[in-house]
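Can you read through this structure? Questions will come right after.
Which chain is which? They are A, B, C and D, in the order written, and residues in each are numbered from 1.
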Amino acid sequence: MANIVVKKLDTTPIEERPTEIVERKGLGHPDSICDGIAESVSAALCKMYKEKMGTILHHNTDQVELVGGHAYPKLGGGNMVSPIYILLSGRATMEILDKEKNEIIKLPVGTVAVNAARNYLKKVLRNADLEKDVVVDCRIGQGSVDLMDVFDRKKTDIPLANDTSFGVGHAPFSVTEKLVFETEKLLNSDELKKELPAVGEDIKVMGLREGKKITLTIAMAVVDRYVNSVEEYNEVKEKAKAKVEELAKKLADGYEVEVCINTADDDNCIFLTVIGTSAEMGDDGSVGRGNRANGLITPFRPMSMEATSGKNPINHIGKIYNILANIIAHDVAELDGVKECYVRILSQIGKPINEPKILDIEVITEDNCDLKDIEPKAKEIAERWLDNIPEVRNKIINGEIKTF
Amino acid sequence: MANIVVKKLDTTPIEERPTEIVERKGLGHPDSICDGIAESVSAALCKMYKEKMGTILHHNTDQVELVGGHAYPKLGGGNMVSPIYILLSGRATMEILDKEKNEIIKLPVGTVAVNAARNYLKKVLRNADLEKDVVVDCRIGQGSVDLMDVFDRKKTDIPLANDTSFGVGHAPFSVTEKLVFETEKLLNSDELKKELPAVGEDIKVMGLREGKKITLTIAMAVVDRYVNSVEEYNEVKEKAKAKVEELAKKLADGYEVEVCINTADDDNCIFLTVIGTSAEMGDDGSVGRGNRANGLITPFRPMSMEATSGKNPINHIGKIYNILANIIAHDVAELDGVKECYVRILSQIGKPINEPKILDIEVITEDNCDLKDIEPKAKEIAERWLDNIPEVRNKIINGEIKTF
Amino acid sequence: MANIVVKKLDTTPIEERPTEIVERKGLGHPDSICDGIAESVSAALCKMYKEKMGTILHHNTDQVELVGGHAYPKLGGGNMVSPIYILLSGRATMEILDKEKNEIIKLPVGTVAVNAARNYLKKVLRNADLEKDVVVDCRIGQGSVDLMDVFDRKKTDIPLANDTSFGVGHAPFSVTEKLVFETEKLLNSDELKKELPAVGEDIKVMGLREGKKITLTIAMAVVDRYVNSVEEYNEVKEKAKAKVEELAKKLADGYEVEVCINTADDDNCIFLTVIGTSAEMGDDGSVGRGNRANGLITPFRPMSMEATSGKNPINHIGKIYNILANIIAHDVAELDGVKECYVRILSQIGKPINEPKILDIEVITEDNCDLKDIEPKAKEIAERWLDNIPEVRNKIINGEIKTF
Amino acid sequence: MANIVVKKLDTTPIEERPTEIVERKGLGHPDSICDGIAESVSAALCKMYKEKMGTILHHNTDQVELVGGHAYPKLGGGNMVSPIYILLSGRATMEILDKEKNEIIKLPVGTVAVNAARNYLKKVLRNADLEKDVVVDCRIGQGSVDLMDVFDRKKTDIPLANDTSFGVGHAPFSVTEKLVFETEKLLNSDELKKELPAVGEDIKVMGLREGKKITLTIAMAVVDRYVNSVEEYNEVKEKAKAKVEELAKKLADGYEVEVCINTADDDNCIFLTVIGTSAEMGDDGSVGRGNRANGLITPFRPMSMEATSGKNPINHIGKIYNILANIIAHDVAELDGVKECYVRILSQIGKPINEPKILDIEVITEDNCDLKDIEPKAKEIAERWLDNIPEVRNKIINGEIKTF
């Protein structure tokens, strides 16, 4: 029986607090590139393991290090001089002992991982030439024997927690959160890229709300080959700004929204890139240093430090509990009388993952609302999701649930 | 003039909330090893730059990737079979143009970085043999030209913010926070290592408070050569437990404290290591995924995602503002009438670092206390520290301020 | 004035000696892969330097290390599990000082090198999938300042020798040499691949002549996806053998030629590969350990140890003198009365490359022939080629002269 | 029964030929550093395998790539700015299947290899600080399964040849060969280093004999911290020159010997180094590109291309046959009536190594001497050594036989 606690949180709801800071690192940000690769590698390994072994074997590929390259962006089209170096590391079951044949069998971890990483990069960095701009290296190693053991037991039924760790989630998104999140989605959407191909994938959105005023500070890479002059560069910025302002009207009605794109630009220095990401010019990245599992960085909200991307979706608490906490928070927040919901789930190493040491639900309620009415429903939601972990896992593997 | 805002936070103080989760990853945890190396490399580069160039040049060495090795721990003494691989990356000014001599001068970034990393490892992993157990590799590259430019301007006076980013801090530590923090310090202290040399450096402390009960779940590596039997292993755990209980009596008077060390141990599997860290056996690590600048991970408190360790102490907001936020919170929390204080500082890229876009101070006050009395004092504290950034910087370089 | 010496060599011509051993490592042999990459990278850098700087800058990319992958070949089609890792190293001018603009300019050495290597691999390993089977990494560094200086002076006229070193060549090819050389060419020809796609690129031909009998021992990788049974595998071997025997009839008329393909095959072990090279399964390679500049390894002939591939074609003695020695030997061997010719050219570091310390020509003459008649013609040939070094250089860059 | 052939070679003995070129790359030359590391790693693995498994397991560590660092030598003492990077690769049995326990056991290949390399470097580069000047990385991988199989059979008796390959040797050394060989030994001897600590380990000796005149062109690194001025630098050169001239008097009596040290020196450029090797400043190296198994490069003598260093001493033809060929040549050359001897041994993959396909002995005899008298003795010598291969192997492992 899970230890589920529902409590009233006696604090000012986020929307009523005077200040709020929200950040999202876009798909082409060096840290997000690493997150995306890590998650792609994990998903590809899951598929390979299932195909070859009938079950998902132990792995955690939540370690990707991106070492920035060197580029000479130039209006009209520059070039890269040193490639970006990407090191895949982490652990994966690379060999198993076929006890019947008394043989060691090696699994294609290295080739599958390199392939997944390169395929992901092709999708996310449209303007890069992977034959010269990026080196993908791999030092993924075999996992510890003991961890494989913990994993083995799981085949029967419910996996056991890999660690003493926790996940954190909240809901609903505030207006600022929604706006920051959707702004990046918009600027990295296929539609916008068709209209404004010069907009690179490295987009960082920083939202500051002061009362009813929201300032969106956007760092947006511009791809050099599509702009032949500073005028054209500025035009791209203007058009992108207009798109975001349009979005803001929909999502932040009633707020004054100021959109600032590439504020550091001056005569000597504009955010011009060859392939659309600052990784081309000395910006490094790694997994788990950017967006949380909900896609945002929110210093006015509780967060977990765990890197969600790349961890195995079977028994890694740092992945499953973070995703679960967000899902549960989302459903609880939809209950009548709930204004905001915060969920934290703490595991105990070696215990079944559907039996957390504590699943803590905090709710800010409507004034007229009694916790007693909410508590049983919230518990039911939590219990249902703890029972549904396998379904969540499948959605992760299929990419239906995003991790960053 | 800095935009400093002081506000009352209308929420239940942490100690009165029913639940609290606090974590600290000890010095020998793979993530902390990376944090420590990153910070050592930055400090060593600062010294080298000062010595050679009279000023600290641009660098950010907050990218260290640790790829776990492979070990066979054994009661009485096992051995490592594959070394730990550590990749130093990040950016540093490696060459400068001597405009008078019309010459490119290379600075000893690579050798200084490798040296700093190896020296740090010797200190922190007492039981490792660096001649065989660890490979330290280096791919630190030259920074972007534009960033160097931002850096240049600073020589005059106040450096300009390198990015639009923020720092977060809070004070005072709750009882659980203090206890978690000091428990790791104790277990990694020279005194304890003398008495219990079998206690490894990889120690993770997870504190869960439920009302007045605190559970400390400790994962503690034991070094195999010092224990010849499971009995001796258990004895080490018992003695360590007694030490922590003793500490808890002092720091958490009035609380029931349960101390659990290596709870996943069973007949087949104990936390035995050759060199005292799980990095020896497939646990990977990277910078900025563990403790925040205050040494803790606190999902019930606001946090920043920024890796503090390894960033340059001159103009990197992700470093300076996180440290500053903690310092300011600490001083404000000592004001009469303040129960708790939360500080967030947001920069604007290209603006002087002592002029943040917003410096947001939230205080939970004593019942009888008026914000009006606190506000001017809090502002004064914040202003004073904004003026004292150079002093903070020096303390960072000298290692007086810890970053993880 | 070059120090050219022509001497009579008083020894039995190779064809009359009782034994001869000749070896050629084919295009897909790990060592040859490295040679080919090294030479492709050098040629690509030459083109880039010319395009960007109007002249070829200093470089030596004769350092490529191939670390074998791991594969599971299987009749009908297996797969690779760990990619081949290829490290490009060596030196190249990566940055130059634009003294007028007082600026450091970086040249696209890394991206050009990675690109050249990947393009070469695509051509030479038809059955590899470069998106997953091979990792190409690059650690090419800036050359020493002093060497750049030596290089600089050359812009005027004749480059200066980069080292005290020598080149060696001989002509004509013996029957066994011709046969070994052409056998590999045949087995790696487009025509043969069309007819026998199962023949991999990793082909090693070892020729042993004992009197009038030549034994060709051929190690020939077979690509698994094209053969569904051991019978089909053997059929491929038989067909290849027939092709070689046909060739032998043309080239070695009057000799008994025995062709042995994959003699180590037995019931447990055949030379089956996934992508056509032993590099897929743990065979490593590096530059300069395989064929000499004439395409052969000839322990009954004098050889140089210098790696020819990848060295710069401007002033690197190890490249230019080896190629030149072969060319001169070839021309001298065509003189009336000359049976065999051996050429050795020794440089002196810092002297113009057309003024070798010694250019030593040894000839085995027809019985009725006087050295006096040959000497002036041989000298003239040598002098002419010393004058024609720039032409040789261009042929190297265009790939008209092979280096391995 | 081995196929041993003894033949008369009808050619001018080397001493009577007008020209001769001989080269030796000293211990600190980048290629020799790689050879030395490769051989040290193999020897260390042999010891480890014997200790752990009772027998030497399959390995070939003849792949070491050295990527040069970057240094600023300065009279009185400069410093290195980028470390030398050394990649160990090759193959070694890293894991074995304990069929009784049904367990995979990993062997400490990585740690032993890194340790052996670092220890070797400490010995051979006296002036390097391994804590900062050198990075030793390791990508040694598991060997191919098939090769392990060939190896297995050997446990019974005589190992089987790993490949179709050959070894080459000659004896005796000519005067020029002896002089070149001993000159490097002298300059790298402990005695000389005591007297002239400024003499670095990177010493390349090139000997050119023209008739009775020998020119020794020596490139000799000088270590900067021991010389405070160009005068002191020149003094070191003078003293070293005097030592070599003294040696020449002993070894090359009757020859005119000219000794030239660092002939490329000029006002701008002397061969000054920080740690005594050109590897510090962009000179790369790899295994098997320098000295042959007899310690020399001899373009007037037959040579093998095989890298001897780092190959396993059990069944690798490229190692064993090269060493054996030299030993046999040496013994045959001592027979009465033999002036010179050349030995070539060709293997056949999969056949016992004491049954080469051909062992070819060529002798140049004294005028009055009949081959008939020599043939049976030479055959006996060859047979005896084929029987003594295990003894040779032990000497290799103990380091009594040098490989470069």
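To be clear about the criterion, contacts are C-beta pairs under 8 Å (C-beta built on N, C-alpha and C of every residue); 3 or more make two chains touch, one makes a residue touch a chain.
Predicted, not measured: the structure shown is a model, and the values here were computed from it.
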More contacts between chains, A-B or A-C: A-B
Cα superposition angle of subunit B on its copy subunit C, in degrees to the nearest 5: 180
Separation of mean Cα positions, subunit C and subunit B [Å, integer]: 54
Rounded Å distance between subunit A and subunit C, as computed from the means of their C-alpha atoms: 49
Centroid distance [mean C-alpha coordinates] between subunit B and subunit A, Å: 23
Contacts with two or more other chains, residues of subunit A listed in rising order: 70, 82, 85
Parts of subunit B lying in touch with subunit D, wherever the complex brings them together: 69-70, 72, 79-83, 85, 94, 106-112, 114-115, 118-119, 131-133, 135-138
Footprint of subunit B on subunit A - complex, ascending: 5, 7, 9-12, 18-19, 21, 23, 60, 63, 65, 67-68, 70, 82, 85, 87, 89-91, 139, 141-144, 146-147, 149, 164-166, 168, 204, 206, 208, 210, 217, 219, 263-264, 266, 268-269, 278, 281-290, 292, 297, 299-307, 344, 346, 348-350, 357-358, 360
Interface residues, subunit A side, partner subunit D - complex: 95, 97, 99, 102-104
